[in-house]
Amino acid sequence: MSLSNSTREKLQQVSTPTIATCLFKKGLKNQFIQEVKPLQLGKPTMVGEAYTLRYIPAREDRNPITVFRNADHPQRVAVENCPPGHVLVIDSRKEARAASAGDILVSRLMVRGVAGIVTDGGFRDSANIAKLAIPAYHNRPSAPTNLTLHEAIDINVPIGCGGVAVFPGDVLVGDDDGVMVIPAAIVDEVADECIEMTLFENFVLEQVLEGQPIIGLYPPTNENTLIDYEKWKMEQGK
Amino acid sequence: MSLSNSTREKLQQVSTPTIATCLFKKGLKNQFIQEVKPLQLGKPTMVGEAYTLRYIPAREDRNPITVFRNADHPQRVAVENCPPGHVLVIDSRKEARAASAGDILVSRLMVRGVAGIVTDGGFRDSANIAKLAIPAYHNRPSAPTNLTLHEAIDINVPIGCGGVAVFPGDVLVGDDDGVMVIPAAIVDEVADECIEMTLFENFVLEQVLEGQPIIGLYPPTNENTLIDYEKWKMEQGK
Amino acid sequence: MSLSNSTREKLQQVSTPTIATCLFKKGLKNQFIQEVKPLQLGKPTMVGEAYTLRYIPAREDRNPITVFRNADHPQRVAVENCPPGHVLVIDSRKEARAASAGDILVSRLMVRGVAGIVTDGGFRDSANIAKLAIPAYHNRPSAPTNLTLHEAIDINVPIGCGGVAVFPGDVLVGDDDGVMVIPAAIVDEVADECIEMTLFENFVLEQVLEGQPIIGLYPPTNENTLIDYEKWKMEQGK
Amino acid sequence: MSLSNSTREKLQQVSTPTIATCLFKKGLKNQFIQEVKPLQLGKPTMVGEAYTLRYIPAREDRNPITVFRNADHPQRVAVENCPPGHVLVIDSRKEARAASAGDILVSRLMVRGVAGIVTDGGFRDSANIAKLAIPAYHNRPSAPTNLTLHEAIDINVPIGCGGVAVFPGDVLVGDDDGVMVIPAAIVDEVADECIEMTLFENFVLEQVLEGQPIIGLYPPTNENTLIDYEKWKMEQGK
Amino acid sequence: MSLSNSTREKLQQVSTPTIATCLFKKGLKNQFIQEVKPLQLGKPTMVGEAYTLRYIPAREDRNPITVFRNADHPQRVAVENCPPGHVLVIDSRKEARAASAGDILVSRLMVRGVAGIVTDGGFRDSANIAKLAIPAYHNRPSAPTNLTLHEAIDINVPIGCGGVAVFPGDVLVGDDDGVMVIPAAIVDEVADECIEMTLFENFVLEQVLEGQPIIGLYPPTNENTLIDYEKWKMEQGK
Amino acid sequence: MSLSNSTREKLQQVSTPTIATCLFKKGLKNQFIQEVKPLQLGKPTMVGEAYTLRYIPAREDRNPITVFRNADHPQRVAVENCPPGHVLVIDSRKEARAASAGDILVSRLMVRGVAGIVTDGGFRDSANIAKLAIPAYHNRPSAPTNLTLHEAIDINVPIGCGGVAVFPGDVLVGDDDGVMVIPAAIVDEVADECIEMTLFENFVLEQVLEGQPIIGLYPPTNENTLIDYEKWKMEQGK
């Protein structure tokens, strides 16, 4: 079951905190990829299904610079096979002392229509990647080639990334706060609920900026809040 | 004894390093909140008395999403009661894996005239908060709702924040370097001394940019330095 | 043997990841200063020979504010003696809880023609330093005076900085990813090889943006790649 | 409602992993105090209600050595007032660079009949404390007096300790693995369930040591397992 | 190709530092599992081929306590299938806040003839495991059930453990210093070289305890050293 | 000025916490080497003047295994030149992923009459070193040869060790809590004061074990305490 266009569009309009709260209500409390941030703030929200790449620590004899001459090298295979609209998610074991990838591979992903790239390590050529249209998330810039500390070993298996379980097909959503992982099976309902939550939060924020106190408003324990909200929704044409 | 307008204005004109050096001379060496930075660089200097909020680790049975329906929830009470001109300082135990607060609460604080907000954890909706006029300081963005890892437990008690003791009424000053905590009892003298130190540092910086060597100038061990400084002050009309 | 103008100019045109890969091929895998970043993105590439300053932990009785009145204080001596075109590199033991230096000293280095400054600690007055023309690299802003935790003890001895050995005369290159350390003895050959690698990477990136797949192109295992590259070079007039 | 003798005795016979699993089943997943271990292995299991002490970072002017002359100093008051049979739990903010307490205070607690002491910092005089009959848990030995980094500020308020919420009256159980925190309201049912779980685990361990495979046995999905268990219990006279 | 009895016996007589130096000479500098130690000092040296188990972060909906009722659960399958004489190595992502396994599973491994167990997380029931004959290595004791933070996902794939690449069939050697990983292809030559190195180190240590200086002796740059060594070997009957 | 026998003997009878409190009173609050512990508990107290060795990060081309053939290698020179009765203190930059030294070098130091060895890294052959009479302190065992990550670069210069400044000639005292550094200039007065403090603490501990409350006793704010103490001293013949 793949991500529908409708759900994708909904998720592009909601924020990672809203998704986090929605998942919290469902008992999923550990879906935010920790210690990972966008290379460039202010890009459009990233949405896509996870296509994963797993790194293990590099052993010197297995990782000379020549390994990339091998057309089957998993890193290169992943870059050529991650489906358009998906997000390449790399398990770098939170190790950013060497790069997970650089601008050439990220550019190739972008040209291929991939929706984004996430590592819990670091990217090299970070200034160039920041300027690309494709959203990219990492821990920090890292100049050393990935062979220094990483060996790509597996494609599209369940991984950990930033302390979160990521299964192939899970949906990743990224904004300036970072990246949330939505289990594939519930992505449609999460998107729907988040759209509704977002609408209410927009209403609340507007009320707050007009001077309303939080208590009774957020959450709407004062009965008038929901009446006002319904009125507001009508005025907004929602 | 509250913060006078005159002292507030002085502190708005000095930098956190100047305050740090001033406090160092008085034997206070641990007043810089560590690992905390502004969400947005270049805002006006934050100055205000500390109004504190203490978090402890969340226990699942005590922290369902419904707790916010309670009008007495300490986080919401703090947001509605932090006095205008004060800074809300949150002891999040340096735990940024879940949010300390989000844009709705920070907006409410801003509307209420609060001077700033500081946590040694992280804020959610960080891009929105960054755009608000109210200065906000944290460790890093964090999408998960604070109930995931935090329970607000106490208001306006002495706390630790970023490794620094913060007592209610202490004065916090924040700029692009971060946040300094000035004990309430000495805030007036610190402000006065910092104004004088700042004037001298401005003079020194001007001299340095004109090509003067550091030695003899900073500190002014060369007797001519102080003569030049007095002349410079007169020229500046200070 | 000092850094030639020609090598300096070459290094100004290449990136730290390219240098990292070049050094990796030569068996040098740990030349990237970890956890250190520019105070301001987008500055010209920093290139210069290392002039080092070593800090040890401060002991209270040896480090009152008055020590700077001593014209022989190693920090001040280093600032006045670091040769133009060199980079002042400070071993701060990865300790950023107090500053390694502030804007006055960094301004003096700039006026003196120093090529840059690097610490594995933090700078104070970070917003001012960020605006200066001289590139500066650190871990994070830090308001406390360096006497709080640091005592400058040695000038121009071999040091560790961000986990990397730095010998006086080694060449440091810094861009938005961070800082690489090139051993003095091989700097000319590294510069030459990096110029050639950069040219090829530019070609590759252009091909990728035009839709070429990575495999066969990078590295150029497809024989046509090298033919195309030679053609491209001629077209570029290189 | 205080801890009954019967429940105390039950908890003295069960292990912290058994309690952790029991609480996990009830949705409480974060009750193990992290990074804290016994000063001496092999002591009897510690059981007692929490009596808490909260530390904040020390400010130099408030914490000269003379503060202990004050008979109301919260650390000393806590030591004299923690009820017999309770456990003194100290929130040291995971800061072990200075001591939470030393052998004199711990000896006093022991003489007063206190059931144990836990800090997420460190104890000084650790070799002496290790030899005392009272169980003590910390992160690591730490010689510096607690005034160096800690100021005792509050007694018997809810705290965090090792990342866990501890409310006064919660029951702490400690063995060689470390310390679990059981919410006061459920301590009786937890003790009962753990006694039963322990009995079954003893049976399982015996079976395993006799050569039985895990699958079908633990958990007892093979129906014969439960039959064998009932038989074993009868043989044991349980 | 499996580990021969002869090589196993040789490795049982050498230390992890000797193996580390031997591998260093071959260019393998990262084969020591970091931050992992024996639960009990002084056990016989552990030697065995790696049989691996990979954990990812637990997602709450996938990891209720009931999952262990599934006879195919990878953790339980691994415990029943790790071949005798092998070492079960668990990639716990350096996460010791929940257990990797407990005494029942480790007992089962012991009964089955498994040579040892290693995790870069922690074990529960650590005091019991410490008393078992089977060597066990971890970071620290951890009471919470592994379902709290871990989901076993893969058996006998290449993993990272304590920052080291471990491929199925690699040979692990553990003593009181910790655990070394020897690539399968070179295990015989490493064992041979280490036996010879150990003999020489024993000679050196004896000389040192008799008062010989290090220089000229270790390494044996003084020609007499090798003569004395040959004589010593003859005396030892080696 | 060297350490007198009389002062050495006094320091052998006092504990590191007593020294820490004594130095705290003199304004020296950072003299405890952090994150360093004895390889073996229960050894006699280590006392000796610091003889220092400074390591920087290893660069691969400078650190093949053959470097130890050089009779001038600083590590080997230090081992042969550290004066009897002194303590060899190694600045390993808190890096324990490779060894600072092994049992052969530590044995040589012991044979040469050196009083102890301290590193803020780790030792290899830790079980052997633990059995030697010479006290040794480190962070944790570490099998890899020091060349993997360390290059010995300087002998007997001021260093940092475990976050503390250590100057050649400073006196180190180590017990089961860890290691304190006493500035050379005040070692005699510290020893004298600690002897007196220890006597009083022994008295206090005896009183506490007999049931006396802390308040009024420690510190002796109750006037009877000092009278009792004088009586006790006479009884003890002190």
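As written, the chains take the letters A, B, C, D, E and F, and residue 1 is the first residue of each chain.
The rule we apply is simple: contacts are C-beta pairs under 8 Å (C-beta built on N, C-alpha and C of every residue); 3 or more make two chains touch, one makes a residue touch a chain.
A quick note: this is a predicted structure, and the numbers were derived from the prediction, not measured.
**Q** Tell me which has more C-beta contacts between its two chains, B-D or D-F.
**A** Contact tally favours D-F.
**Q** Over half shared or under half: which fits the residue numbers at the contact of copies chain E and chain F, same or different?
**A** different
**Q** Between chain D and chain E, what distance separates the C-alpha centroids? Give it in angstrom.
**A** The separation of the two C-alpha centroids amounts to 32 Å.
**Q** Averaging only over C-alpha atoms, locate the centres of chain B and chain F and give their separation in whole Å.
**A** 39
**Q** Centroid of chain A to centroid of chain E, CA atoms only: how many Å?
**A** Comparing mean C-alpha positions, chain E is 37 Å from chain A.
**Q** Where in chain B do residues touch at least two different other chains?
**A** Within chain B, the residues that touch at least two other chains are 29.
**Q** Let me make sure I understand the interfaces: which chain pairs count as touching?
**A** Contacting pairs: A-B, A-C, A-E, B-C, B-D, C-F, D-E, D-F, E-F.
**Q** Enumerate the contact residues on chain F facing chain D in the complex.
**A** My answer: residues 15-17, 19-21, 24-25, 29, 32, 34-35, 37, 41-42, 175-178, 180, 201, 204-205, 208-209, 211, 213-216, 218-219, 221.
**Q** So in the complex, the part of chain D that touches chain F is made up of which residues?
**A** Listed in rising order, the residues of chain D that touch chain F are 65, 68-69, 71, 76, 79-80, 97, 99, 102-105, 107-108, 111, 124-127, 140-145, 147-148.
**Q** Quick check: in the complex, which residue numbers of chain C touch chain F?
**A** 27-31, 56-62, 93, 151, 153-154, 157-160, 163-165, 183
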